[in-house]
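Scrolling down, you'll hit the structures one after another.
Both complexes shown next keep chain A, but they swap its partner, so chain B is in the first and chain C is in the second.
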Partner chain A sequence: MNDTPSAPPAAGPATAIDAKSLPMPEGIRTVGSVTTADPLFSCRSVDVFYGQKQAIKNLNIDIGRKQVLAMIGPSGCGKSTFLRCLNRMNDTIVGARVEGQIHLDGRDIHDRKQDVVQLRARVGMVFQKPNPFPKSIYENVAYGPRIHGLAGDRAELDDIVSTSLRRAGLWDEVKDRLQQPGTSLSGGQQQRLCIARTIAVNPEVILMDEPCSALDPIATARIEDLIDELRQSYAICIVTHSMQQAARVSQRTAYFHLGELIEVGETDRIFTNPRAKLTEDYITGRFG
Partner chain B sequence: MAIEGHTSRAYDGELSSLHVQVVEMGGLLLLQVREAANAYTEWDPGLARRVVERERLLNGYHRDVDARSLALIARRQPVASDLRAVVALSRVVAELERAGDEARKIAQAVLGRAGGSASRPGFATARDARHLARLAVNMVRLSLDALDRLDGPLAREVIALDRELDEEYASGLRRLMTRAMEDVRVFGGAMEAAFVLKSLERIGDHARNVARLMLSLGRDAAGAPPGEGQPAADASPR
Partner chain C sequence: MTPSLLLVVVVAMSVVAFWVGKGRSIAIVGGTRGIRQLHSLPGHYGLLTALWCGLPALLVIGLWLAFQDGLLLRLVSSHLPPEIRALPAAEFGLFVNDVRNVIAGNLPPAQVSPATAAAAAEYLELRRVARLALTGLVLAMGVVAALVVRGRIHPELRARNSVEIILEGLLFLCSLIAVLTTVGIILSVVFEASRFFGVVPVGEFLFGTRWSPQMAIRADQVGSSGAFGAVPLFAGTLLISAVAMVVAVPVGLFSAIYLAEYAPQRVRRLVKPLLEVLAGVPTVVYGFFAVVTVGPALRAWGEALGLDVAGESALAAGLVMGIMIIPFVSSLADDMITAVPQSLRDGAYALGATRSETIKQVVLRAALPGIVGGVLLAISRAIGETMIVVMAAGLAANLTANPLEAVTTVTVQIVTLLVGDQEFDSPKTLAAFALGLVLFVATLVLNVVALYVVRRYREQYD
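This part shows the complex of A and B:
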């Protein structure tokens, strides 16, 4: 990764601010520390509406570099909606409206000058179901760097592909069949291919929406191991329904309930001594 | 704190049955402590023998609760208050088992230790032992009540009672040593009596530890790590 060209900066002189963490509004109901050292994302008073329905209510959180933030909560609590706010995937949903401030490294991601394609290169995403393109393994990884102009020539592109596949822990398994279709791989391999495809464009953040829910325990363990390695370089936000997975992979955990961020804190504390009763009831399986 | 209330009723059942088993073990320990003290103060070798024989039941409870706690951790992966409860119950049985060891030592003082003969306490020593035993038994009983009812305030009471037992032990020991110095012929018996008083004091310590473990089940018992400040007043646990 280090030998690949770095991603170009976000388009235009978007509204940069001095502090990376935005000022905190009054009357926050979230329990725990919503701020973190060295924040990359800073979100304040975020509301999300799908038509009339409010999916996220007054959400405030900072997301730190080189750490894994796990978002947990019952279905429909807004955790995936929030994840999709971070790379403006909600823009693609008709009737979806995002209010409030979301700053990435001091710049407003909703700024008019913000190029959404560039934003999504900086904030990559891995989905629940592995979704490789119907192309070769090589092309799956090479596609992003090519459209973003990250490689000057074929040798450089080869280098990005092999580095990304190595970082995704897939190289040894696919190095002799790079021209075979990505869909010929097993589910776990396909998911790692999608992770390789994401990191090939040199992102700063990787969003993961239930990345292991379609995988067996061994493939899950490999992805979790990979997440732990990737956090040395990236900020990772993972939505998961598996509390054990959140406990295993993350340094911070955020608990959502009915569109509100109820509690956020160090994962060790959340899983041994949550402060909010709603969090305690959910993680101990007392949720009615 | 509550042990029950999970969506999975089977999980509720497993946790409460572990709790009940620990409380049962506590009941057996209370009997052991009471009878061991009686056997010493009333000099009843038959009773002492029964205490020594029953000790293996206490050890059996310890093994059983440990095995069930491990199985529960492996199968249910408890977190938060449930995890603290399982760990605390596991430690409580270790405390109860050690208190049981002390009760056995008292009973063995009546039966005579290996290679030595038993020496019956004199009137004054028996009176001191009876007094200490009353305090220790009371502490064990209250700590078990606190454990049974998950009663935090009662657990705090038990912790406070330990100071009284410690003071009574210190003065009982002082009186015993004075008597031993006045008449060296009773020195051997006084040594035995000192061990018995010490065992009663240790039983009180174990009861206090059970009470402390009880308190660790409560919310925020482990304390919040630095840098995780509680924000607004309305952010209290909902």
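This part shows the complex of A and C:
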């Protein structure tokens, strides 16, 4: 029950002979197209526990390159938890346990040989509340390149900083005050600064955990435009409570409910023709 | 009635007034069913009655206690025979002392002169009359006030508002007491210090390099020149404080980092209270730890290394003082580090920073203003610390930067200048107030700066 006629040709069957997509286990209940063409992440049978409590149950999904995956669902449904699995941020939470397979580009991110520091350099993350470091705007962006030794000299670092700020659409607003503290910016500017900081490390994936929930509509629109541009280069996973936002920025949408992935598929299809009853109820506003 | 018995009576009267007022307010609206018609709760009417009954009476008692002695003495002395009133001030003071002793029962009247005995008897008689008058006045005031308030109770009376205004006034008075005490202390120190600076010039005190406060009492005494150059004391204080901070800042800061960032819950729960036990050790105990253990140990090690370590070295006092301050630094730094929002750590981890990179470059950077504030507070404690240095540092006012030698501090000198029977008019004792003033100003400045730094930091994240 995992693929559908209406799904685009990109979504192959579960048994697709794609080296990067892991084989699909038996008996999954997710509706829609779990797999996608050219997957970057491939997750199979993922369970997450916080102590005794199971936050995610038997989750299977592929995440494609150069596309935006929106995750929606009521609070506490596990979408943020899943996002934090992808760069192993759950490691920092005492009592959190992740089981199952999560492969990035064909390699298990829980493999002993996989260093978490390198993983996080490849998988960037933007948080719900803007969290600039207590440093200057310049140093905020330069921080990642510095710790990973990405810049050979000062000129190269300057270059990375200005490029990242340009791509985050912040350059024109801050180019004359790079030495001012990052906390002096407005909320929307701070969030774009955090995105610039993430881009500066040159990741392959950017995870966004409700990046606009602390912003006003104008700042939100700017971030959404930015997400659309970034899609040209990165895979983006965004958790959002706004269904309009999911519809605007994403190509695929995943609906979570009580720790289970209920339905995943083309964004247009999910919002116009949801197949699972729970998805339909949530989208039409019957609960959530 | 004695004033203390009168106090008890006034309190009892107020309790009665409370019930009278409360009962009256209920009765006036026709029982508990009518309470809704009252502006305030019955308890408020009771409290209003009680406060009006008790407070003015207490005020009168307080005023009488404050001024009765002076007033009665003045009355008595105006009736004294002229030959006694003509006595010089010093002898008249002795006479008054005798009168007081007779009144207090320390001297039997038979042993003193008839004039003294007569004055004492007159004093006692006057006091008896005054007390009677006071008792009558206070009781009458209480009863009248309670009756007046009771008569004015009606449903429109805003008893709650009045009670709250009175209580607010009482709260204000309490806070005023703390402020006034501080002002009083400052003024007394400044006043005594200015007397000292009348004898010894400010410049000589602040910049002189020789400290030898023994004044010659007889002209032929030697070795008691009375030099009041306080620089050696300041230098000694700074030297010992510096040693203390060298111990306390790294140890306190690193233990705070470990406890806040690395330690597992179980270790943290065990170590943090143990560390805070250090703060509960009385400074006297630290003092003899310094004298009995650290001092001799340092001396022995110094000998082994071929160094000449004084028995009461600045190093020993500073080390022990540093240990005393460790929990102060560590618990403040711990608070500051835990106050750094988790989102900042997450931001750094998400960029691929390791734990130590995150702590060094993000967490400590964010907590730095708070930690600096904490260290400044710790320095002001080190400067003002007395007991350890009194026991472990010497009395010799050496001007040296060598921590192996004995030095003395401002606080030690204040103690030695004031211990024992002293007259408070020689430069020697007055010097203590000048030193106290310097100490006070120094710690005040440090505290103000520290609080300013800490507050600025707090605004950023809360």
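Quick note on the criterion: the second predicted complex is superposed on the first by the 269 of 288 C-alpha atoms of A that agree within 3 Å, B and C clash if a C-alpha of one lies under 4 Å from a C-alpha of the other, contacts with A are read in each partner's own complex, and residues count from 1 in each chain.
Going forward, contacts are C-beta pairs under 8 Å (C-beta built on N, C-alpha and C of every residue); 3 or more make two chains touch, one makes a residue touch a chain.
Remember, it's a predicted structure, so these values are computed and weren't measured experimentally.
With the two structures aligned on chain A, chain B fits next to chain C without clashing.
Of the two partner chains, chain B is the only one touched by A:274; chain C is not. When the two structures are aligned on the shared chain, A:33 is found in touch with chain B, with no touch to chain C. In the overlay built on the shared chain, the residue A:113 is in contact with neither chain B nor chain C. In the superposed pair of complexes, A:283 makes contact with chain B only, with no contact to chain C.
By the touch criterion stated above, A:262 is placed in contact with chain B alone, chain C being left untouched. Look at A:177: by the touch rule set out above, it reaches neither chain B nor chain C. Between chain B and chain C in the chain A overlay, the least Cα distance found is 33 Å. Chain A has no residue lying at the interface with chain B in one structure and with chain C in the other.
Within the complex formed with chain A, the residues of chain B that make contact are 5-8, 11, 77-84, 219-222, 224-225, 227-232, 234-238. Listing the residues of chain C that touch chain A in their complex gives 265, 341, 343-354, 357, 361-362, 365-366, 460. Across the complex, chain A meets chain C through its residues 87, 89, 92, 94, 117-121, 124-125, 127, 129, 131-135, 143-144, 147-148, 183, 194, 197-198, 201. For chain A in complex with chain B, the residues that touch the partner chain are 27-34, 243-244, 247, 262, 265-266, 268-269, 271-281, 283-288.
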